[in-house]
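After this come two complexes, each holding chain A, first together with chain B and then together with chain C.
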Partner chain A sequence: MHAIRPIGMNQSRLLEGSIRWFFVVIAAVVVAAGWGLGLRFGDLMPGEGGWRLVREFFAAALVPAFDYEAASVPEDACPFWIKVARAALETVRIAAAGMAVSLLVGIPLGFAASRHVCGSRRSFCLRRRIVCIVVALMRSVHELVWAVVFLAAVGLSEIVAVIAIAIPYAGTFAKIFAEMLDESPDEPADALAAIGASRHQLAVLARLPGVIGEVVAYAFYRFECAVRSSAVLGFLGIPTIGYHLRLSFEETHFREVWSYLIILLVIVVLLDHWSHALRRRLV
Partner chain B sequence: MIAEQPSLGELWRGRDRPRYVFWSILLASCGALIALVSCLIDAGGFFSGHRLSNIERFIGEITPYPLAHPDRANETIGEWAIRLGSQKVIPGSWKTLLLSVVAGGLAGALALLSLGGSARNLACSRPLRVNDGGVGGWQDYWWRGVVVVTRGAQILFRALPEYVLAFLLVGLLGLGYWPVILALAVHNVGILGRLGAEVVENASPTLPRVMRATGSGRAQLLWLGLLPELLGRFLVFFFYRWETCVREATVLGFVGVSSLGFYIQDARARDLYDEMIVLVIAGAVLVVAGDLVSAAVRARLGGGGGRRC
Partner chain C sequence: MRAPEKMDEQFRLEKVDVSYREVAALRQVDLSIARGELVGLVGPSGSGKTTLLRCLNAMVTPSSGGVRILGVDAAGLGENKLRILRARIGFVAQDLGLVPNLRVVQNVVAGGFGRQGFFGALRSSMVPREREKQRVHAILQRVGIGEKIFARTDRLSGGQQQRVAVARALYQSPEAILADEPVSSVDPARARDTISLLTELAREEGMTLVMSLHNLELAREFFPRLIGLRGGRLVFDAPARALPDGAFDQLFSLTEEELLG
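Take a look at the complex of A and B:
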């Protein structure tokens, strides 16, 4: 207890106003959802064998594998570190290709979904609505679900993984890009409009330069996400990090699992740094 | 006197050209193009012959079975729809929704708790740089350590994809809802923790500084001085992440927990492509619904919401 009650220490403040009630409602909904799932905290604790597994798994983190853990390895198998490096390269390659396609598709879609490209003419606004719906459809299906659909339709290959990443990423990019264009400052556009620029000229010459830094920074951030998605697509059979991680885990080669986890973490953290450094310089 | 205006050419030549940005963009675009071309070369001939016939077969198979083969089906299209809806679509969507809510809530709560260690203006020996009669020495090192550990954990957490976490946790803890919830929560704590810390660090320090000067502790500064002002912005972030939780919760069913993803994977494994497509669409509807709810709430809270695309 404080001898002097500090200023602003009015306890009731936390419960004032609609936002605070909102907060209470959310907490209640979360608890109700947990109850609806029949969650019990007791189930969080693994059993006796579970604990041993958990201990083994985290002990392996201290000594990630540099070589195969299996007792016998085929003669012609490449060294383990080359396998890890290949998996990493494949992960980045599919992510980069997916990102390339998503930008090629997403940039025009973003322009088309922007409020400023559609003027007062009705047909144009109809076009924007349609583009917005297409964009929403593209991004509302998860890349893994796209991959499963393609898996059923044509079988899975790298190019299908690239497309599976590209579709939702193009949709998300288009949405964010359109929002950035919509919220860009009006002054340059007003100035150019006064001397007779067309709507398309306004979008490219007045709106785009104001947001291009943010767009580039966002694209780099999405590349980091794409690497994670590409790694996860491995669980469906593409030879990215997820594929090898799964095989190693299922054979309880935990040290190999950690090697893959660490290489994934290193890539993602490096990309995170890169996109942050860019953002600092651009935005 | 009006200074002479620079010409357009001079402005263009004198424009800001940060070298780091230039090389980053060059490197990234060349890399992406090389990756794309190499993938296209590898895929050469992928879409030929039997692949195309595969697509044809697939399109045939996504028509609901009772419609495509009324003579062989043992149920009408109505019965098919009701069975699919009541046995798979509704329970799957409901579980997905519940999972996303619990995971989002858990992530939000943990992120709030982690603020004390990750907001640099609080997690230091002199919060908000109020001169309170001086500590220092080992306390500086202690708090620096706390920040490094909290921020480091956040970076690791958000670097790990939800799916990888869920897969590992199911393997370690056994099948159930907890592994999926924990996977979603851990990844999102990493993201929400960082966003929240940035908000706290950029908050106006006037009131909490006064509180500090009159003797409040760090927890009081955070909960009573900063949080009431910042709740709105936290909620915006919370809903933004909840949206992605819905998306991810759908897919995390692939690891074997009965969200929509489980039924999608199950239908694919049994070659019931007509049911699979319905479930995929149900997932999309759920995600769009989540987006709409979240956008509406964020618009009310006033910050990054209300966009209509």
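Take a look at the complex of A and C:
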């Protein structure tokens, strides 16, 4: 009966009103939180020494180090750029291993957490609920916390970093993957269900292809996150970029710090390019 | 008190009622379709054509009444028995239900999923065996697009994609094919091609074909038997030639209450 109507006066006013309320509420939350925490804007102003440090730090960005900044370096030390490259490689290796494990675990969990893999006739599916709870537990603890726990248990080892990344990443991947499957186009699955395909066949062969591009893009984005996590885990002593970053920072070798930060940026940009290339082929 | 089953009967509906939530989609439908019949299903949108077709492959469970499919009582069948039954019946959906970013061969071998386990289907889809490829190629040639076997499905024209959907149904080696307005999305010339292809294939193979369609001229031209539906009830079920000219008008004209309602 009715053609699609453009948004009328009433709707647009309503929209404006809700946008205004959105900002009012956000502002109220910020003020309330700041007051609750006892924040003062004055604390943000650095002191005399602080300003000098800030200036030095950002000045160093223009001339990142290609060699050690320290006056004396041990005889057997490798060239600085090799050290940076090794740290970068270590960071990527741990991130890749963690990501691989998280995919191995997260993909099956994602299928199990999807609405479509459950019996369609039952509204309540116990297995799916259990999987969802497990997935929530995995991702509710940050990788740094997992790492601290495992470090205490097994000591300093790269496997600690890999597992610490893999657990929350598997949980997050499973959740998002399940949601993507839930939202995938229904047409192919409906047509194949009508000719006797099983629920598992439908999930993998009719639904997954419809969202494969998004899944790959998301996996790459998570890989990027894993590289950052892997770098940060270096603060705990695992020899990734974070480890060296911290040592250089403590000795105020800011130019070295920037070398590490720049290599991190390069890794992320390269990953992004790879992701785009792969996605173009799949979608 | 069931009527004795005829030897060559493939589908039988007895006093079938289907309702979604509170709304009745089919009311007291009685129907019998014999092997090899070509049946056109006509009626305005919302008249229950899709629901009727979905009863024929047990995708819809009637709220009351009996459904026999290929000699099997569909009521109370478990999931595996249902799969086996559905695998014997080809289906061409209105939206075709092809996976757009897969190759044609992958969409066609999907016709075999109903007879395969999970890993068998995965293997056929990812790395089709040589004999599977040959069979797909032979079927595609039969529907006139043999050279498109490795093309991406979404690169094909609308008419070619319909042929892929038909090929998938043929890959099932079905005893009957159900088609739900498979030609509603293409121009009349393409629609004619596809309907003529399907009816020809059905005749050659001795398959039953039940197709719902909007276009009444095409329905009359290609289907010896026509079933008219309106508001979930059978209005007529007769040989196309025996239908009086007014039959279609009656099917599509609005009643007074519908106009006011």
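Methods note: the second predicted complex is superposed on the first by the 248 of 283 C-alpha atoms of A that agree within 3 Å, B and C clash if a C-alpha of one lies under 4 Å from a C-alpha of the other, contacts with A are read in each partner's own complex, and residues count from 1 in each chain.
Operating definition for what follows: a residue touches a chain if its C-beta (ideal position, glycine included) is under 8 Å from a C-beta of that chain, and two chains touch if they have at least 3 such contacts.
Note that the structure is a prediction, hence the values are computed from the model and not measured.
After superposition onto chain A, the partners chain B and chain C occupy overlapping space and clash.
Looking at the superposition, the partner that touches the larger set of chain A residues, chain B or chain C, turns out to be B. Legend: residue contacts after superposition of the two complexes on their common chain; A:62 is shown touching neither chain B nor chain C. Of the two partner chains placed around the shared chain by superposition, chain B is the only one that A:272 touches, whereas chain C remains out of contact. Of the two partner chains, chain B is the only one that A:232 touches; chain C does not reach it.
Of the two partner chains placed by superposition, only chain C is touched by A:210; chain B is not. In the overlay built on the shared chain, the residue A:71 is in contact with neither chain B nor chain C. Shared-chain residue A:195: touches chain C; no touch with chain B.
Touch criterion met: A:282 reaches chain B and chain C at once.
With both structures placed on the common chain, the touch criterion links A:187 to chain C but leaves chain B unconnected. Once both structures are placed on chain A, chain A residues 282 are touched by chain B and, in the other complex, by chain C. Looking at the complex, you find that chain B touches chain A at residues 18, 20-21, 24-25, 28, 31-36, 38-40, 42-43, 46-47, 51, 54-55, 58, 95, 97-99, 101-102, 104-106, 108, 155-156, 159-161, 163-164, 167-168, 171-174, 176-178, 181, 207-208, 210-211, 214-216, 220, 223-225, 227-228, 231-232, 235, 238, 247-248, 250-251, 254, 261, 264-265, 268, 271, 273, 276-277, 280, 283-285, 287-288, 291, 301, 307-309. Residue ranges of chain A in contact with chain C, taken from their complex: 187-198, 200-201, 204-206, 209-210, 212-213, 282-283.
Across the interface of their complex, chain B is touched by residues 2, 4, 6-9, 11, 13-14, 16, 19-20, 22-23, 26-27, 29-31, 33-34, 36-39, 43-44, 46-47, 50, 53-54, 57, 92-97, 99-101, 103, 113, 132, 135-137, 140-142, 144-145, 148-149, 151-155, 157-160, 162, 175, 178-179, 182, 216, 220, 223, 228-229, 231-232, 235, 242, 245-246, 249, 257, 261, 264-265, 268-269, 272, 274, 277-278, 281-282 of chain A. Chain C makes touch with chain A in their complex at residues 54, 57, 59, 79, 82-87, 89-91, 93, 95-102, 110-111, 113-116, 118, 121-122, 125, 165, 169, 172, 178.
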